[in-house]
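First chain A sits with chain B, and in the next complex the same chain sits with chain C.
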Partner chain A sequence: MFKMVNLSFNAVSFLSVCVLYSVLYHRFDSQEARIQMPLAFLLWVTHNNAEMTTVDPPNIAMTSIMGNWPCNSAKKANTGHIGTKSIQSLIMVPEVSEYIVMAFCFLFNLLSAVKRLPEHIQVDDPAVVRKLAKKLERQQIPLRSDYGYKVSLFSHLHQYSRKAPLTQQISIPATVIHPSIVRLGLQYSQGIVAGSNARSVALLHAFKQVIQDYSTPPNEELARDLVNKLKPYISFLNQCRPLSASMGNAIKYIKKEISNIPSQYKEEEAKKKLLSCVDSYVNEKITLAAKGISKYAIDKISDGDVILVYGCSSLVNHILCEAFEKQRKFRVIVVDSRPRLEGREALRRLVNRGIRCTYVLISAVSYVLPEVSKVFLGAHALLANGYVMSRVGTSQIALVAKAYNVPVLVCCETYKFCERVQTDSFVSNELDDPDDLIVTRKGKTHLADWQSETSLGLLNLVYDVTPPDFVDLVITELGMIPCTSVPVVLRVKNVDQ
Partner chain B sequence: MELQAVLMAAGGGSRMMDLTYNTPKPLLPVGNRPLIWYPLNLLERAGFEEVIVITTKEVQKALSTDQRLKLDVKMKLNVECIQEDADMGTADALRHIQQKLKTDILVVSCDLITDVALHEVVDLFRAHNATLSMLMSKCTSSRRRVPVKKAEREQRDFVGVDSAGKRLLFMANEADLDEGLIIKKSVMRKHPRMHIRTGLLDAHLYCLKRSVVDFLVENKSISSLRGELVPFLVRKQFSKTSISRREEDHSDQSQKRKDATAALDEALLQLASERSCWNDHSGDMSEAYHGGRLRCYAHIMQEGTCYRVNTLTSYVEANRVAPKLFEEAAVHPSAVISERSQVGGDSIIGASCHIADKTSIKRSTIGASTIVKEKVKITNSIIMNSVTIEEGCNIQGSVICNNAVIGRGADIKYCLVGSGQRIEAEAERTNDVIVGSDQLMEI
Partner chain C sequence: MNKLVEYFRTQMSQDPDVASAVAAIRSLLEFLKRDQSETILGLRENLTKAIGRLQEADSSVAVSSGGELFLRFISLTSLENPDLSQCRNMMIERGELFLKKISLSRGKVAKLCHTFIKDGAKILTHSSSRVVLKVLESAAADKKRFTVYVTESQPDSAGKHMADKLRKLNIPVTIVLDAAVGYIMEKVDMVIVGAEGVVESGGIINKIGTYQMAVCSKAHNKPFYVVAESFKFVRLYPLNQQDVPHRFKYKADTLKTAEDLNQEHPIIDYTPPSLITLLFTDLGVLTPSAVSDELIKLYL
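After this line comes the complex of A and B, so read on.
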């Protein structure tokens, strides 16, 4: 009779776990959690069959799941503690089968601790592409197809054509995606909004419009529903142009703020709070940070300096304009490179202020460097191992400057710091439209049909990484730090949050 | 909602009175479908779910009773009626429905037949935050002989675009110019390279910002979009006091709270454009768009079909080309065609037609319920609904309107036979317009 009770108990709990699993399947955020449930149950079943006593079923199952659940540490400690107590009170003689299952669980945990590769750098893997296509189909976002022949070293990255925007596959007027997000995506893909700061600010502006036009559907909570609404928009923007690190951090911040809205807030209050959060983020991380950085940087600019800048970095331009207003005497050499020729825009802004400028192309850098006293560089992102990710050509400038013993100062706000680690420019980069490299001189376009040449590939890289050995100082709003202190800043930021 | 579509279907067809005196222009058959079907199809393919149609009562009745339209068009049509004799211009019509317009609008004319990818026009509107974005097409001149009553001299349109071919810099009609083109020096300084083109067809498809509708409400003197508003906006791009300045005066009357949030949003947008390293031109010291708030863009179609059916010539052209736009059986299944007749592949036969033996139909459109008797030869013609063509007729390059009867053995070349007219037997007409006597008074 005891056996019957045990068996029936087994059956009931098995059914309940099945029901629970199917209900919670989609709530599990990671693949690990999805597999853990049945594994934990398997462990419990084998344990149960090893001895005839009634067991504390939920606790053991929960312990092994909680051990890998991405929750914060306090909760973790609590349940782990309870779990071990119950296990201690219940474990008698574990059988071989139990050992096998436990070993499997442990191994699985170990392997799943390795972070999966993001899908945007696995374009040559058809399985990943299929998964992405399925995800986009579920979110009703069209898939943007790649264009042209990709150089083999970079065939794992997306390459889109500017002449085939994503908007030709969505309906006019946009119903699935908010109109301001469509406008933003279009401006990204056409390069009208370019530059890390500009992209983040424009993104936050578009999110403000989305929040203003949002209305909570009945039986839904604003905190959860709004985050779910933002997911397809982010996929859309990602398809238009891969997200930058600063945009990623801004999105993380917004999502956190939305999920932290207390449920008793009414919709109007919640929206007002979110809008003020966005405004304060822009104010603190971008506007005031720029002011702080200029203050530190101006200390480093002395009279008679010859400063070299590369491309058009909004922060570096801001610093130079402020320094000029504070009556520092210096002149600037603007280095530019094809195909973007962003240096012309930087040149225009500096000359408009009255700063004396020289303009050269990057091929002339080694000729110009003997007369340069400092190099100011902007950054797209600062990686956790101290590498600086910036416009392609920056690492060249830093290298040549190092060879000439010219100090290189990188100016970067802290919201651009990201936890990624990269040591080369191949693994994760962005491929721009290869047709941008085609130029028409004297009415002749030689590369007009480059696609018909089988042995020719056009490569238009956007970013490259500069090792920390070439960078002497990073100026942030927290102060002037060496490149290797980036993980410290990240750790301090995480603790703050 | 992003865009609201407005279809202007109240026009009288003043340049083809022979065709439109009986049938209103939106209902003229082109390829056996009413003319209004083509812009509605364009909007439906683009993804619109609702259209505001401004038309007369007659057309509204026809729209609600026409089975074919009801089946084909799945969008919701909000029909707004205006009086036929009110002589309203397109801008007046917009003013009439301004209560219904809540967002930016896309204005389409009912006589537009095109297969343009609408996103090209709307993308210019979105990406550059433009006030006006319009569609233009390279004109194709038709070389076929068509029945004309009097010489139709087209007034040329001068359109100036910048070197990229997207921004509108200058627009004027030959009629408004006295001696020559006058281009302001300020425009030349900002855009030193301008292409001026005369062979462009204005498709009358405009994307307008909501603030333009408000402006129209204030300025009741503007009555036509094409003739007055568009040249005005193009000129205003370069003037010192632009419309946006006037907007700021109006916004004092709107709610204060909306103003505060809007101002903050404006500041954010301003910050984004300041930090962005993009400029639409290079070579001078001004910022993107030369700091102008008002921008007008045009998308010029290089290839594809684009017709405006407002003259007889274009009507005939459109009839020839329109069938290729949609895939439908050229011969309607309910038409009765005898085996000994020759129907060319590029002809369209409407529903319930009777085509008898020994007839030859080439490159023509036959309307519904038409009866064609034996030994008839029809080439390059447009036959509308319920026409009877007796034996032995020879019809070439003509337009025969509804309910006409062509007598036996008639020889009609390059004629226009009006609605309900009778051509007597053995008649020989060339280059003639045969209409009822009550229409002859029109000069």
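After this line comes the complex of A and C, so read on.
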């Protein structure tokens, strides 16, 4: 009789766990977790049954399984032995403690397996692509398809075409997405709004518009509903052009501000507060930060300097214009590269101010460097291990400058500091339209039909990472720090918040 | 103000073993006690002026960094008290505490560093540094046997003073020419130098000739150790030798009298952090990249 009750109890709990397990299967990230859970439960069941027949093997097997958790294999050697001994002693003791221990390790495994690490883009993994497609379908955002042959080393990244405007490639549901977001997405995809500061500011302005036009539906709370409304917009913008690190930080800030709105606020008050938050973010982190950075940077510019800049960084241009207004005598060498030729914009801005400039392409950098006294570079993001992510070509310039012993200064606001860690430019990057590399010279377009050549691939990278050994100084609004101190600043910022 | 400078000079001459920054802080404390200003802002202004005057008298990096840290340390308490004399007493108390802390820092550094000196070691050092002397003293007291090579360190031949002091401690010492650093580097096991200032990048500012020694030790793969107290951490970030401000490079009287600074010889140089292995401070044993961490904690 007792046996039957026990068996039925076991059967019911076994079935419920099976159901639970199948539902949560996809949430488990590691193979370990997927195997451990049912094994642990099975052993629990057998242990219960074994109790009545006084056989001990399950105990030993169970302790060996328990030796496998926590999932971190580095700790296996230590905690396995200590943990199993104490757990063994607990197991010998009456049943209640056993159940408690069992439940505990079940829950622990559950929780540790479900915690997710941020994933890099994985376009060549069909499971991930399917998940993304399902998510976009749920949010009613159209999926943008990749274009052209991708070089195998970068096949895990998206590659979109810019020839046809976005509206012809996908049908954008006007009812789901706010018009200012649609406009922003089109501007991003065509490259009309480019540069990390410009993109972040445009994003925040569009979000201000969204907040102004927002009205809370009945039975909903503004704090939660607005955040949910923003999610499809962010997916849409991601489809138009992958989000930058600065945009990611701005979005995190806005979401935090929205969820911190106390529920007793009326809608008008809440909206006003949010709009002022966005304004103060732009003001503090971008405008005033630029002023602070130029103050420090101008100290580093002495009379008679020859400064080398690469591409078009809004911050570096601002610094040079300020220094020129403060009567510093220097001249600038602007280095440019195909296919974006952003250096021409920087050249235009500096020459309009009256600064003496020279213009070279990146292939001439080693020729021109012996006469350079300093190199000023902008940054797209600063990673947690001190690497600088910037426009492709930056790491090349830093390398050559290091070989010539020329100091390299990176200017970057703190809102671009990112908690990601990267040691190479492959794992996370952006692929631009490969057709941009096609050029017509003397009436002949050589690469016009590159797609028909099976062994030919065109690669148009957007970003690269520079190791901290090539960078001498990072100027932020908090002061001048060495490249290796980025995690310290991140830590101090987190404490402040 | 003049009395302040006099007091400072008497402090330096009375106790030749004291660090110049400690003497400066003692004089600043005296100045604080005798100050007559009516407001806290006036007090701070006077102190800043006093620090400026002391820097003119003795243009070393340590005085500037010590003075700034002193000012920060005493103002770190809440000065909300409306009674000025109460505030002043609190500041004086903090000042005495700061002075006591930094007087002990040299001993802490020596305790950390002397374990790195092994039996039979050959050590190269540059010019005359009281902290390095203390380190070698404690190593000798620990019954370790080692030999020391000291560079002559022109133009003031400070190396000879260092050699005399070491001979008194019965440590075998040899004086080498400044130009013989490359020659002697293959014989030595490690290089230990002091510092006049530790900059934000983790590099150091020290007597001229230190940079040369660091480059040679890097080429020979010998460890290059720096011993410095924490009050020498200064908020400077030189990119190269030219970027070090003139007020540190030349003596105070040279700055006032010289017509063309290009004809004058600088008395200090900057050693970048890539050449330094470890820094021994009273905050612990730090790698050059950790110095910025500590500076952020001290100043921000």
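As a working rule, the second predicted complex is superposed on the first by the 368 of 497 C-alpha atoms of A that agree within 3 Å, B and C clash if a C-alpha of one lies under 4 Å from a C-alpha of the other, contacts with A are read in each partner's own complex, and residues count from 1 in each chain.
Just so we're on the same page, contacts are C-beta pairs under 8 Å (C-beta built on N, C-alpha and C of every residue); 3 or more make two chains touch, one makes a residue touch a chain.
Keep in mind the model is a prediction, meaning the values are calculated, not measured.
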| item | value |
| --- | --- |
| Clash or fit, chain B versus chain C on superposed chain A | fit |
| Touching partner for A:A346 - first (chain B), second (chain C), both, neither | first |
| Partner chain(s) touched by A:G248 [first = chain B, second = chain C, both, neither] | neither |
| First, second, both or neither for A:P467, with chain B first and chain C second | neither |
| Contacts of A:G292 with chain B and chain C, given as first, second, both or neither | neither |
| Touching partner for A:L478 - first (chain B), second (chain C), both, neither | second |
| Which superposed partner A:P142 touches (first chain B, second chain C, both, neither) | neither |
| Where chain B and chain C come nearest after superposition, their Cα distance in Å | 29 |
| Residues of chain C touching chain A in the complex | 200-202, 235, 237, 239-240, 242-243, 273-274, 289, 292-293, 296, 300 |
| Chain A to chain B touching residues, read off their complex | 165, 167-168, 170-175, 179, 182-183, 186-187, 190-195, 197-198, 201-202, 204-205, 208-209, 212, 275, 279, 282, 286-287, 311-312, 314, 341-342, 344-346, 348, 351-352 |
| Contact set on chain A toward chain C in their complex | 300, 302, 374, 407, 409, 469, 472-473, 478-482, 484-485, 488-489, 492 |
| Chain B residues touching chain A - in the complex, by the definition given at the top | 1-4, 46-49, 106, 117-119, 122-123, 126-129, 261, 264-265, 268-269, 271-279, 282, 285 |
